[in-house]
Structures are given as C-alpha cells and as structure tokens.
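Quick one: the structure is below, questions incoming.
Just so it is clear, A, B and C label the chains in written order, and each chain counts residues from 1 on its own.
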Amino acid sequence: MAQNSFPSPISVNAEDLACERGGRPIFEGVSFSLSGGEVLAIIGPNGTGKSSLLRMIAGLLFPVAGSVTIKAGTQEEGFLHFLAYGDGLRSVFTVEENLKLWSRIYGGETGGEAIYDALEEVGLAHAMHLPARALSTGQRRRAGLARLVLSKRPVWLLDEPTSGLDRDGEAVLGGLMRTHLDAGGAIIAATHLTLPVPPTRTLELQ
Amino acid sequence: MSAFSAIIGQTVKASFRAGGGALTGLLFFLTVVTVFPFGVGPDLNLLARIGPAVLWIGVLLSLLLGLDRLFGQDREDGALELIMVSGEPLALFVFARAAGYWLAHGLPIVVVAPILGLILNLDALSLAAVTATLLVGSPALAMIGAVGGALTAGLARGGMLAAILVLPLSIPVLIFGVAAVNGAIADPDPFLAPFLILCAFTMFSAVLAPIAGAAALRLGLD
Amino acid sequence: MGTISSLANPTRFLSWSARILPFVSVLAAVTLGIGLYLSLVASPPDYQQGDSVRIMYVHVPASWLAMFCYLVMAGAALGTLVWRHPLADVSARAAAPIGAAFTFLALFTGSVWGKPMWGTWWVWDARLTSVLVLFIMYLGLLALWRAFDDPTRAAKVAAVLILVGFVNIPIIKFSVDWWNTLHQSASVIRLDGPSIAPSMLWPLVVMAVAYTLIFVALHLAAMRAEIYRRRARTTEILIAARRPSTAVRPAAAH
C-alpha cells in the first residue's frame, strides 16, 4: 500500500442520536466525535443497537433524533465504506467481476492488476477467476476487504469485521486497518469481540 | 456514469448467466402466445384480429416474470446497502436496473414478436406496427415493473405480489399499445396519436418510476 | 397547527375519538335512516327507469366515497413520507379496507342497476372499468400490507404505492375513456344524463352525507383498533426484552 493521504481534516460527528425499532426505543443521546487516524469501537451486548448505530452513520437508517456529520477536507461525497454481513457478491460472477463492479460504483481502481494486488493482500489471489459461489464464508469476508482496498475512502464502517475470519484473516484485517489509519483514515467498528487493532475510543451501548 | 453503465452491464450479464431469467422470460412469451390459439380456436381471421393484443399481453406477462429478482437479490446479499453507502443516487441505480432488465428481458421479446406474429396470421403492416409499439412501449412496462419489484423486494413471495401491483398500473400502456397497432391497420382509427401517447408514457415512467422505486427501496430498508 | 398536532398525538387521538365516536355513529345511523326513507319511499320513480332509479341513491355516493377514501389515503401517505407522522400510516391503513368496501359496493350496485338498464350484469363502460381497476388497486394495497410483518416498514412502502397509484389513477381513467370510445359505439347509456330533478337531488345529497358520516365513524373505529393492535405488538416486544426471571409458570392442568 502506497502512502495514501486522504483530504484532511477528516471528522465524524454524531450528536444526540436516538434510535427506535418497531416502536421500541433502542438508544438515545448517543454522541461521539472522531477524526482521522482514530478507531472507534462500538461495543455492548446483543440488541443494544450496535449495528443500528453503524447503519445510522452510514445513512441507511433515519435517526429519530440527532444528526451525523461526516467531513473530509473539501471532498463533497463518497466518504464511506461499509462492511457488514452482506458482502454484495453475486454468486454467478467471478470474484474479479464482482470487485470490478464495486470499484466502478465506488470510484476505485478497476484494472486487472490492481484487483490482483488487492486480492493478494487479503490472501485470495488464487480465487480471482472463480465464481463467488465457490467461496467459503471467510473468503467472502476477505473479498469484502479487497473492496475496501480497491477504492480509497476516508471513513470505514465495519460491522462485526472479525466474524467469519480465521486467525490469519484477522491478521489481514489488522494490517489493512493499520494501513488505513496510517494514511489518515478513520474507522468505526461495531463488535462484541476484540478488534485486531486496539481502538483509540470506545463507545459502550447499554 | 461509470457506475451507471456498470450496473446496466451487470444486470444484463446476470440475466443471461445460469439462473438468470432472460431466456426463461423469452420462452414464457413463446409459450403464452402459442397457447392462445388453443383457447380461441384456429380461425385465422380471428387470430389476425386479436394477434396484436395477444403479443402485447404476452410481453406484459413475460416482463412480470423476473420482477422478484430485480431487487430481491440486492437486498439479500447486501448490495443494496453498498449502493446506498456509495453515494450514487439510488434513483439512478433503479433506472439502470430497469434499463438493464429491459435490454435483457424486453428487447429479445420485441425481436421475436414479429416472428410469432406470423403464426398469428398478422400481415406485414401489423407486424411492423406491433414491433414498433412494443419497442417504444415495453420500456415503460420495465420501468413500472421496477416499482413493483422495489415495493416487494425482500418479501418471501414477492414476485406474485409485484405482478398484482404492477398489472393495474400497466393498463394505460397496454391500451395505447394495442390502440396504436389497431390504428395502423384499421383506417378510421388514428395511429400517430396513441403512438405518441405511448412514447409519452415511456418517458414519463422513465422519470417517475426510478424515483418511486428508490423511495420504496430506501424506506423498505429502514 | 399546535392544536392539530396535539390532537394527532396517538394517545390524545384515542381519548378524543372515544368521546366523539358514539355521536358520529348515531348521527350516521340517523342520517342514513332519513336518506333511505327519502330515496326509497319519498322520492318519485324515474319516468324512464321506474323504481330501479332508486339504486342510484346507494350507488352514486358509494362511488364518491370510493374515490374520497383514496384521497384520504393519499393525504395520509404524504403525512407518512413527508412528516413521518405516526398517525398518518394508521389512517391510511385503516382507510384501505373501508375504501375497498365502498368500491365493491359501487361495483355491485352498478351491476345490479345495469341488469334492468342494459340487460346485462356488466358492460365495459369506461366508468365501471375504472372503478374495477380502482378496486384491484385497493386489493393490491391490502395484499402489500399483509405481506410485511413489520407494520412501520409496511406503512412506508405502502405509502409509496398509494402515491404511485394516485399519480396513475387519472392516467388510467384517461386511458380507459380513450379505450372505451374506441371500442364502444355511441349507444352506451351515460349514467350522468341530463340535469337531475330537485326531488331526486335531495335524497342523493342526504345519502352522500350519510355515507361520509359512515366513513368517518368506521375510519375512527378502525384507526383506534389499529393503534391498539400496534400497542399490543410493542408490548410483546417489551415482554420479550424482559429478564427471564419475570416468567410466570403456567398453572398445572388438572
């Protein structure tokens, strides 16, 4: 990974967020702020809304109250990467085709070599031309990580990033996270396990 | 724009890969049209009279067939969330999906329709009129269909429900499509007016359907 | 605006609707009684249609209400999508079956009227056809609501369909009119003949008021039921979220 600097300063600010699912309040009054080079870990037991908070930051859920602002220098849009249970891999397409599609949508690199390099970084280069249906759960997660490598985006939102990954996979994830932080990026991860990179901030949901 | 063409390309490619519905849709169209004469009898004059309508209804039904796959998979595998996070306008995505769907499912049917018109005893003028009206009218059906697909994305038996929701909305397209064909054949009836209205429907739905579809997808995810 | 929004709070709504509902129901029943007397007994038979014209008094208001109901739902759908008001989707959801019922009544009475008039139960008249399509759209909406198990998600998606339908209904109407003039000769008997005599107009107006009151009463009652249904749902979720130690062992059967 080359030294890649994102437009700075990077900041993620959440103010007084409240969440409601199916008429039941999940959390309220959640605030945090985060800048480039930092990792925020959202922790807490099941059902406290870790994923919901992450989805709210991603703009997939409307907050009942409060707001989220994400800034990266003068960049107008395209701040986020979202890595969750759904990896967006279509089983009839090869790993390469899948990654190429997401790179084109996310404005990343689409060349065969770049895709090969990214896959090599996550230990999946041998499967580049295989259809995605041939991949195991852990390999699908790795393909998802390759997506993050291909398109440079300043803020990563990771939902249970270590789930489905073996020890080696966790090491790969840790390496990618460190590279991203060194390049000035920010990471928000929701997890009930330990992250391969120690978080600089922790937000506990009750 | 790259994202837009990428999604169209992916939709078309997926439709022709194993498990894609494009060929099934085409086959369904062939079957529906072939079955019609068994229902109404082999009277060639009657078939020539109802032929354009049969072809139009065949296209309509066949385009309903793949609606559940249009956004259902995107919801299951998380692609929909990735699209929304990417910052690309969701309406553009819906438009691209519908356009790809039409290219893969609609266009082959439009190409085959005049051949099937022959076995329904349509003359050259009718064949040309049917093909022309299908060409400008079927994209509207794909767009309206995309709204139905978006409304029912993520539902277990979404395909059937999408068809129920979409059929009443596609009545105007059917009416003007068949009216234009009849206008081309029978002299007193106008051709140009219904044909232009059909074009208007296609443009109208190409603007409004993606907006409605995007709203349905976004709200369905919330 | 302040009063309206406080009246629209679900709990407030439950309290004021409980007080108002009996009055509206009684008023609806009385008006319907008067209307039925005026239209079925007091009004003169038509010089052409004879007594079968009396079907008009139950038919015409039903088709008005069929459209009015959709209008209410479209307003509610806007309320759901634009203002995210909690009562708006309750209102839309409650109005749909009532609208479907009025639409069915319009179709049924139209058909019964058509038998002596046209000698057949059904003609593909532009109006009848449009109402039939409206009926199918109501049923489609009901099916969509049933297909979701989460009512808040269902409400939002259904609101999109209601508005799509709202844009489409005039187009469908226009198309069906075109289709009808293309296919039917001029012999179609129009329901809206010459201007209506005052002796027939008054019963019709009273019946229209009665139908509207019936709609209001049914709508309020259905909204109340819907609110309670949702509260029951929320309670279920809250119970599931409690500690296991709050469980109560069922009494042993003897």
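Miscellaneous remarks
Heads up, the rule we're going with is that contacts are C-beta pairs under 8 Å (C-beta built on N, C-alpha and C of every residue); 3 or more make two chains touch, one makes a residue touch a chain.
Every value quoted in this text rests on a predicted model; they were computed, and no experiment measured them.
When each chain is reduced to the mean of its CA atoms, the one lying nearest the mean of all protein CA atoms is B. When each chain is reduced to the average of its Cα atoms, C sits farthest from subunit A. The distance from the centre of subunit A to the centre of subunit C, with each centre set as the mean of the Cα atoms, comes to 47 Å.
We define each chain's centre as the mean of its Cα atoms; on that basis subunit B and subunit C are separated by 31 Å.
Note: centroid distance subunit A to subunit B, computed from Cα atoms, is 37 Å. Residue positions of subunit C with contacts to 2 or more other chains are absent. Residue positions 222 of subunit B each touch two or more of the other chains. Those residues of subunit C that touch subunit B in the shared complex are 81, 133, 136-137, 139-140, 143-144, 147-148, 153, 156-157, 159-161, 163-165, 167-168, 171-172, 174-176, 178-179, 182.
Contacts from subunit B toward subunit C in the complex involve residues 147, 151-152, 155-158, 161, 164-165, 167-169, 171-172, 175-176, 179, 182, 189, 194, 201, 208, 212, 215-216, 219-220, 222. Note for the complex: subunit C touches subunit A at residues 150-152, 230, 233-234, 237-238, 241. Remark: subunit A residues 55, 58-62, 77-82, 84-90, 92-93, 97, 100-102, 104-107, 157 touch subunit B in the complex.
Touching subunit C in their complex are the following residues of subunit A: 22-24, 47.
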